[in-house]
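Each of the next two complexes has chain A plus one other chain: chain B in the first, chain C in the second.
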Partner chain A sequence: MNSLTHTHKAWLLLGGLLIATLPGWAGDQYQLHLASLIAVYWILIAGLNMVVGFTGQLSIGHVGLLCIGSYAFAVLAGKSGWHPALALVASGVLGGVCGLALGLPSLRLPGFYFAMATMAFALIVNDLVLAQVDLTGGGIGLPGPLFPAPFDSPSGFYYLVSLLALGVTWLSWNLGRHMWGRALISIRDNPVAAQSVGVAVFRAKLTVFVFSGVTAGLAGAVFASLQSYITPDTFVFELSLFFFVCIIIGGRGSIIGPFIGTVVLTALPELVAPLAKLGNFFYGLLLLVVVLVVPEGIGRVFDIIRERLRPRVVHREPISPDLARLDRALKYKP
Partner chain B sequence: MLTVLITGLATGMLFAAVALVYNVMYSTSKVLSVTTGHISMLGGVFGAYAISVLQLHWTLGLLAAVVAGGAFGALTELLAIRRVLNRSDEHLWLLSTLALATMVQQAAGLWWGTEPKPFPRLIPQDFGVGVMDQKFWLPIGMTLLMAIGLELFYKRTMYGKVFMAMSEDAFAAQARGISTDRIRLMSYVLSGALGGLAGFAAGQLTFAFFALGLTLTLNGFIALAVGGLGSNVGAILGGAALGLLNAYASYWFGGEYQQTIAVGLLMIVLLVKPEGLLGDRQVRPV
Partner chain C sequence: MTNTAQLQAVSVSRAFGGIKALDDVSLELRPGEVHGLIGPNGSGKTTLLNLLCGFYQPSSGVIHLGEQDLSQASVQMRAVNGIARTFQKPRLMPMLSVLDNCMLGAWIHADAGFMSTALALPHVGAQELDIQARAIELLHGVGLGHVMQRQASLLDHAEQRFLEIARGLAMQPRFMLLDEPAGGLTHQEIDHLADVVRTLRDNGIGVLLVEHHTDFVFRICDRVTTLNTGKMICHGTSEQVRNDPEVIRVYLGA
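Up next, the complex of A and B:
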């Protein structure tokens, strides 16, 4: 993980090439839209992955932060007439501030309490959006403004969100592989041990939660622009579950795993029609199966298969007593 | 004014009932299941289905609600809890119960429909009776009955004492020859039946609605956390406080801020007294 081998570099290059040329070979506008949607989700999930996958804080309310980012962008760039780039930055900042406000009280709570607090946050945001009709249009919703010139076409927008996603991935990769990431994983695995070796547990949790808030705000802004119209119904609680499933399936403590999870889970219901009808039932089932069978994530399945195919060589070193030496020791008289 | 009070009390008692269900599950497994509210949702939906659609007598509807709740409780334990608890003490049960809760909510939505449907009247009564309406008194009476019944069950019966033993120390109970897996399953069936009963009794208040589960899970949990985890009296007090606060908040400020105020109450209580009003102090984590 620390240094890249040549195979890794080759894969990265191939992946980058695929992502960069996608508007060229994508079949139609819809597939491009789907690719942009994956990138938008990934911006949020990359940040959430730091919270859920690395730090082990099961936040199921990130859809609330996404909602805040979206409405901030729609109100600032649409109603108030700000420049969209400025509104994008403002959405990120607002997401971070709301993350701080949510994290400060709730990150002190143990597992289930924290999950419930974040879930309540998502429900509250939805309630407030519905209540503040003057600002958010209530149940009718708001149009999400487009970005200016080079980014107003579908392919231009795709490049914009891909760049953002790349930046967030780079940030989270840096965060994950250095001392910070180790500290976060230690908090996930044993907070008491982490504290005893000098990790400032609460501060680390809060920092990474604010980071995830910023990414959720940014994702919300581009999400509003991509969807072109947002209503409170867009931000149902089940969306949170979807983000969650992507991370758990990909495997905790990894970045490429949740990325693949995001790509597959976003694309799958669109490509396989019967799954779309089942929708969240399918995600729930997937989460249940993964938690029960491979809690380490789908990647573990490949590890198991690899071990079956190519069993590890176990060096057998029989332990036998050195009888001569034992004899000498027993007869030894000083 | 009296209507606000009685509405608050009735919804509060429904939350308290959900908190009691949490307590029964928590006593044997130390797990707070996300499916808790969904059990009551199933109770309401199946009760309404048996009475309105199948045209059965309301006692059979009650039976359907209890059986559906108990079956779902057993399913929760077998599917989402047992394997996870055997594997490790991580918080994986949160994920597995969340997954199960989502599945049952979606399944109920697909089968029953996503519109709230009215729950039939159980006792013939005029609609204009105000605060004496059965939709207020049924949940209140049922919850108090449930709390008294649970208290008697814990104090007077052998199985109740086994539950208590498991909640004190599951390992010691196992060493004493108690089949902890079977007792845990029994406690989930019992809590499921109670949840179904509560959902049935409060059906006229909440309607038979598939998305009710998550709200009940959250509000029942708030009632539990405010009252103190593990305490039945605390659950009743917490539920009553939450229900009254909700009702008066929506009377004075409008219904939009109900959730905000409920969570505000939770946060204040957790900051001031983390173990709740009547809960035991948490043991140290090492």
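Up next, the complex of A and C:
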């Protein structure tokens, strides 16, 4: 669907170098923490992007899945003394199972009702966590265990989450550029057409939703470790909207767009640090500007500017079928 | 596999609330034959098409494909069984290229699972290239070779119609149901459409043509069925139907 050109590869190489050397040039520990946070968010958002950006299912409840992953990790690696790597995998699996449990009843609902169901899920999870004092520590919360060496230092942890983020990005890129990508986008843009070519719409939606559950569970596990302490208040509903907005600002059906959205929106409060009180103001302003000026998302800003400066001329040529070629194509049986 | 099975609707009826959109209608679609379906607006043509491809289930009567009873089969299952269709108002993915739109049609032949696609296992890439190669040939075949990389939202109406046909052909269908394919086309484009439909027929595909352009229908159809207010009023060769007094009275006009 989108094969890489040389320019793309050059940009990827540059980006990869920047990410790989970041602990070397980051100004202080806090910036490194921020970079790790971006990677953690992106693990979740990359998966959610397949649901929202590609399949067009408006889930605003992924903070619930993040929360489940976090507590699973804190309980298993902390209280139960599992190896953190094992607990990480278990968090991903649990995220997937909960994604299945949420998706099964809700993915048949049309747009807004599905969004409401996912929101209700997030609220319920938060209340359950608060109520299960024995397991989760209730309002007091739980410590988020560290990963063993070499991932216990800030830079070690940064590399761990970057690697995970890279892995999830690669998976979602593979999905997006093959038949699955087309099928998911057809569900978003025209479910009737999707059905007519044989896409099992509900099943495809459920599959990709479970995938996003797994990535949310994984993100939750490393999120707990990064935060070093989690309480139900860590998982406010606004966080869910934040994930959603990152994708919308980034642009639907793109991977790089939502990634830029995640970086910008996570770093935004820091970029405007002197005006910290206005952090939400800038957040709102950015959202408004994107929705009004570039609804295709910031991932396509350059395309759009290029188009404005040098409009593409669409040449109309009459349709003239090549019947011999059509005949050969129809006779060809693989 | 030689394609000899017929797609049959056997005395099907379909009611919406109290209204009988289709009342005891039978139709058989044979491989390698173009079958026209005509009638005034609201006569049940599109309802019948939707029954054949599974968007509706019949209130009574059955849909057969060969020996197989498809009456309750889902739209997806019918696609798997080789029934493709186009829509009155073309349904495409506007943000994707013409080529991607066409390739979507091959979904049922891409047996790449979710996990193997996510991991980009070698056979996924190989299959992708096969599908792409065939889609390119089909697009050249229907006359869209020059707009292959164009975003579908930039296509004009006729191009969208031909793209829908190409997408349907990417399914390697046994039957192709065309819902008013000539609507909004110029005379020349209709001629091209006729050529394409004949090529499908010559390759053993059974074509159902729901259409208002009666000249076009009588020109290329082997058999024609006429509906009026949900009932079949006439059925036969183009020649027979064109001269049927009842058809002339309710539809063609004197």
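Quick note on the criterion: the second predicted complex is superposed on the first by the 287 of 334 C-alpha atoms of A that agree within 3 Å, B and C clash if a C-alpha of one lies under 4 Å from a C-alpha of the other, contacts with A are read in each partner's own complex, and residues count from 1 in each chain.
By definition in this document, contacts are C-beta pairs under 8 Å (C-beta built on N, C-alpha and C of every residue); 3 or more make two chains touch, one makes a residue touch a chain.
In this text, all values refer to a predicted model and were calculated from it rather than measured experimentally.
Chemist: Based on the superposed arrangement, let me know which partner A:321 touches: chain B (first), chain C (second), both, or neither?
Modeler: A:321 sits against chain C, while chain B stays out of touch.
Chemist: Now for A:82: first (chain B), second (chain C), both, or neither, which partner does it touch?
Modeler: neither
Chemist: Is A:192 in contact with chain B, with chain C, with both, or with neither (first, second, both, neither)?
Modeler: Once the two structures are laid over each other on A, A:192 reaches both partners.
Chemist: Can you list the residues of chain A that touch chain B in one structure and chain C in the other?
Modeler: Chain A residues touching both partners: 192.
Chemist: Can you check the complex and tell me which residues of chain C touch chain A?
Modeler: 53, 55, 74-76, 79-80, 84-85, 87, 91-96, 100, 103-110, 112, 114, 117-120, 124, 128, 130-131, 134, 137-138, 140-147, 150, 154, 156, 158-159, 162, 167-169, 171-172, 188-189, 192, 195-196, 199-200, 202-203, 205
Chemist: Please name which positions on chain B make contact with chain A in the complex.
Modeler: 32, 79-80, 83-84, 87, 90-92, 94-96, 98-103, 105-107, 110, 214-215, 218, 221-222, 225, 254, 256-260, 262-263, 266-267, 270-271, 285-286
Chemist: List the residues on chain A that touch chain C in their complex, please.
Modeler: Within the complex, chain A touches chain C at residues 1, 171-172, 174-175, 178-180, 182-183, 185-186, 189-190, 192-201, 207-208, 211, 252-253, 314, 316-323, 325-334.
Chemist: Any idea which chain A residues touch chain B in the complex?
Modeler: 56, 58, 60, 105-106, 109, 111-113, 115-117, 119-121, 123-124, 127-128, 130-131, 191-192, 237-238, 241, 244, 248, 278-281, 283-288, 291-292, 295
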